[in-house]
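All chains are identified by letter, namely A, B, C and D, in their written order; residue positions are counted from 1 within each chain.
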Amino acid sequence: MLIVMKPQTAEEKIQGVINYIKERGFDAHVSRGADHTVIGAVGRKVIDKRDIELLDGVSEVIRISSPYKLVSRVFQPEDTIIDVKGVKFGGGHIGMIAGPCSVETYEQVDATAKKLASYGVKVLRGGAFKPRTSPYAFQGLGEEGLKILREVADKYNMLVTSEVMEVNQIPMFLKYVDILQVGARNMQNFNLLKSLGEIRKPVLLKRGLSATIEELLMSAEYIMSGGNREVILCERGIRTFEPITRNTLDISAIPVVQKISHLPIVVDPSHATGLRDKVAPMSKAAVVAGADGLIIEVHNSPETALCDGAQSLCPEEFAELFDELKALASIVKKEF
Amino acid sequence: MLIVMKPQTAEEKIQGVINYIKERGFDAHVSRGADHTVIGAVGRKVIDKRDIELLDGVSEVIRISSPYKLVSRVFQPEDTIIDVKGVKFGGGHIGMIAGPCSVETYEQVDATAKKLASYGVKVLRGGAFKPRTSPYAFQGLGEEGLKILREVADKYNMLVTSEVMEVNQIPMFLKYVDILQVGARNMQNFNLLKSLGEIRKPVLLKRGLSATIEELLMSAEYIMSGGNREVILCERGIRTFEPITRNTLDISAIPVVQKISHLPIVVDPSHATGLRDKVAPMSKAAVVAGADGLIIEVHNSPETALCDGAQSLCPEEFAELFDELKALASIVKKEF
Amino acid sequence: MLIVMKPQTAEEKIQGVINYIKERGFDAHVSRGADHTVIGAVGRKVIDKRDIELLDGVSEVIRISSPYKLVSRVFQPEDTIIDVKGVKFGGGHIGMIAGPCSVETYEQVDATAKKLASYGVKVLRGGAFKPRTSPYAFQGLGEEGLKILREVADKYNMLVTSEVMEVNQIPMFLKYVDILQVGARNMQNFNLLKSLGEIRKPVLLKRGLSATIEELLMSAEYIMSGGNREVILCERGIRTFEPITRNTLDISAIPVVQKISHLPIVVDPSHATGLRDKVAPMSKAAVVAGADGLIIEVHNSPETALCDGAQSLCPEEFAELFDELKALASIVKKEF
Amino acid sequence: MLIVMKPQTAEEKIQGVINYIKERGFDAHVSRGADHTVIGAVGRKVIDKRDIELLDGVSEVIRISSPYKLVSRVFQPEDTIIDVKGVKFGGGHIGMIAGPCSVETYEQVDATAKKLASYGVKVLRGGAFKPRTSPYAFQGLGEEGLKILREVADKYNMLVTSEVMEVNQIPMFLKYVDILQVGARNMQNFNLLKSLGEIRKPVLLKRGLSATIEELLMSAEYIMSGGNREVILCERGIRTFEPITRNTLDISAIPVVQKISHLPIVVDPSHATGLRDKVAPMSKAAVVAGADGLIIEVHNSPETALCDGAQSLCPEEFAELFDELKALASIVKKEF
């Protein structure tokens, strides 16, 4: 931490700051410049920099040590490759996850999964517990939905991912799913994150609607600090002032995250845009910008979907897109 | 719902839309203008307007019935007054809540509460379970913190409010606190909201960092639809591009909420600005703009606080502010 | 315009609204639903919808006719192709613009342009008048800079684009440049837009830092309504809460604009991210998402650049990227 | 400027950075900590910190000298009081500016000004040149509008303020108005700012829709560095994700600006909210938060206004509000 004093600060105020940080377990290194005296505070304690900013004579306090530990490329320089029973995310491998927004019926999931499997998709997604803004909207089938997903996935030799909303649900999810999703609204549900740190299955952590990249990484740090090293990050659009798209997909988050962290990052173009005809261009953009995976909503009959049909592709649209994505991936030296 | 067709849409496409909505249980009222044909869809079912927007010939779909029911002034025209053992929020009454950010020790809470009680504050706040961005930061004393709050509050004849983070914690909170707080990060933790709908104690619901006012009201609707009518809303700053203040306190949310809803709305100037010297001006602004309450961080020794001391007032600063707030309240015809 | 009345509004209030709009030159079409009466106001006059919202009994007023005329795909269904002396933007053609952020010296521009021309770049960019946040920063060479650009471009058979900041400068720019740029800060400098409507050279109009897509298109409408049909739109990042990138490049704006408007849209990844190592991934993302052009900062010696060197590529990095972009373009059926 | 090196950076890389900054005219002060070596770069030159961030071994570069000079409280500790022919802004004085959004006719301005003058308002506002998003909307009366404002103001012994949009218009404005306004869309029209630095009349500078407080102050610095010391800042709402209000009025900007700068800051609640019934609460909030002035839209017949009538008060509403504001001001020790 660097403490920048105001120009021409009296010596006694400088000494006051030095005493303050020493009392809190820090060493002080003082550097006197032409205008500014700068005090470097070195130590392992946690201190709120705003407290120091309130001390007399202090102009600014700057945190220099990174808040990340386990998620950081300093801790682990090489890419983490999450290998879920042979499906890989990271290190040049792009994982494809597809399926309906919500699980509605066995027939719906079966019809969709059958086609997806035939296109080579290995991971099936589907919501069983749905976070909905209105208490009067469809809230999902619950455990019944998870059972359907598992049964259908086994039939077609696929893996399953679905969103877990609460600590209590974790044991149930461990029975049915291969990758546990944390939704954007729960990115800072810290109790949930801590509990997910104790399990030994991969977690797909979505960026909150208004979460900075630093906050996303700190939430991943919660899971990793509990001992679970298998975290897949997910960019799914941030809230901005632009009203036409539901959210603004932050494609630049992909290379930004990959520079700071070794964790894989996947992209959800369906929730980000909320518009079916924008899913294809944004999927392509994500892949060539370096995404380690995609999670795309596909519904065998989007017009009759109970939830978010407007952003779902029909299987044939998806198949066409998947082919194009494979061609683009090879140009940027990655593969599905 | 109004469905606006594109100019010069062929009659068969119009008929297609009419059939579509009728199949889904809606009545159709057609109005043919010079440029646009508009179809009014009348019914009680829930339908995703984006699905209709994808139909051939449709230009735009406009939701006209309000998503609010129980929270709305249409449902209840007069102000809700939440009366917590004699302390009132709403209907001209401004409730004052004050106390430290985190419960640290019995002595700290006792010293702070003693002074607050002497100034006439009736509700004591304090965090026992702390949502922290970093897993390495102080996470709160847990149940021990709640016990301290209760004990001290009883000693000075005060009420207690504290933040609940999870469904599992609700029974514990019911033992110790008078008002359960839902933090900004949990505003859309729908399982928590549903569970809080089943209790019979007031809930103070904070606006999420990037939640629209409509979303805040929908979250209140979750609690109310469960049967708990005692919801106090709280504006605590929204995330914007301005970096100097931690968040941007949206003072205009006060009159906006009060026009749409009968629920009281309080303001948290401490978390909104994150800066001690901005707490007083923003508290004053909130009161004259019509706030039904304030929740202010006060710490007997802000410099040594384990959390957010930089935004806490010392008791004497608070006392001075409280006097000024009372004078301002009387001019806008309200009272503490 | 649709005027939605509140439920159970008395007949006389409905009549009041009808009279109000008729007095202002509109026809009224009334449709009575179960809950809501809806009045369709049909006419060509401009009226502020908020004025109607203030009338007694009105619940909501909804604009249904599009604010766009000349920029809209309704006005012109097929893509506009801007052909600047053989270099094409739009309709499957991707135009490449490259060059230094600022014109510094003849030698600098010459060294950069020589290499760019050898890679097949046909349009040279460079700032002569620089909009700078601080009055103490380098403000550009002015007309001298334009002369250098012209001279170098002619030497290598290239075209020139540069940013015009003021009405007064237009005659000077017409002497030297082939495409006049309007910077993000001037997107709503309406006097400048009107004056650019009167010239007969292409205008590259950058999206404002916090401009919605609708506002960008309305600014293009200013230019087109003056008679100048050659407008190239430019997405260059919007301001969000994310601090790591300078701005957030809104890649989804590309397909959104292309659905509403026939005008070509190019992308500026250099200003959007402000980070050299993010220029390549974002350029690729833009191309596969459908961009009609790119504008990339290239400097023969980025480390010594007077302005924004940190976001400039060196010529060799650019050459490698350009090759990769051509391969990607062919997969999405477009060409440079 | 502080340059923080990565942990365990080799000595030669540290030396490389030192050489780099020395070549650019800076002195280097090196401080070696346990983890990080920090290099203080001392000098008067302008350098882009991102260029240094790209050097090998550099972790972070931190600007420590303030970008403000003339606008800063370091330069002038006491409040600037702008005294426009006896009407004062700053230093405990609150200036009241009121009038119609647009000048429409002599009669309209006369009727409005007559009442405002009778309530004690001394400064009349009114738009003659209107920045409008659509080229098809009313663009103002131009010079004719300025003449009307001047004539009416002289009749009632008032001052005049109106928005100037372009360098060319400045001489015309100097003939008619007492305070020149710069609108939000022109806050970074640097040529206009420079030209306003050369005149000797007060300038009211509005914060841009998405401008940070630092950017607002830098724009004021442009005017002041030209020699014009009479700058009044104006907060008028920022663009956020909240759709109900037109913009979000950032009340906390008032105390933030007043801490950094000696310049007065006024508030425009009419444009910020865009809603008539929100003007009163936000005006009150601004005054008690410390605003040095208000600029309020008042129209003698808001329902027939050609522009923004929906946010204008009628004279009687204004009179009532003004009385209440005076009472509130006295409690916070200020006066109109």
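Just so we're on the same page, contacts are C-beta pairs under 8 Å (C-beta built on N, C-alpha and C of every residue); 3 or more make two chains touch, one makes a residue touch a chain.
Note that the structure is predicted; figures quoted are calculated from it, not measured.
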item	value
Greatest separation from chain D - chain, by CA centre	A
Between the pairs B-D and B-C, the one where more C-beta pairs touch	B-D
Inter-chain centre distance, chain C versus chain D - centres from mean C-alpha coordinates, in Å	26
Rounded Å distance between chain B and chain C, as computed from the means of their C-alpha atoms	38
Between chain D and chain B, distance of the C-alpha-averaged centres to the nearest whole Å	31
Multi-chain contact sites of chain D, meaning residues that touch two or more partners	210, 239-241, 243
Touch list for chain B against partner chain C, complex	2, 4, 7, 27, 29, 31-36, 38, 40, 42, 59-60, 62, 64-65, 74, 210, 239-241, 243
Of all residues in chain D, those that touch chain C in their complex	46, 48, 50-51, 53-54, 67, 69, 131-138, 165-168, 185-186, 188-191, 193-194, 208-210, 215, 218, 221-222, 225-226, 239, 274-276, 302-303, 305, 307-311
Residues of chain A that touch chain C when the two form their complex	210, 212-214, 238, 240-245, 248-256, 259, 272-273, 277-278, 281-282, 284-290, 324, 327-328, 331-332
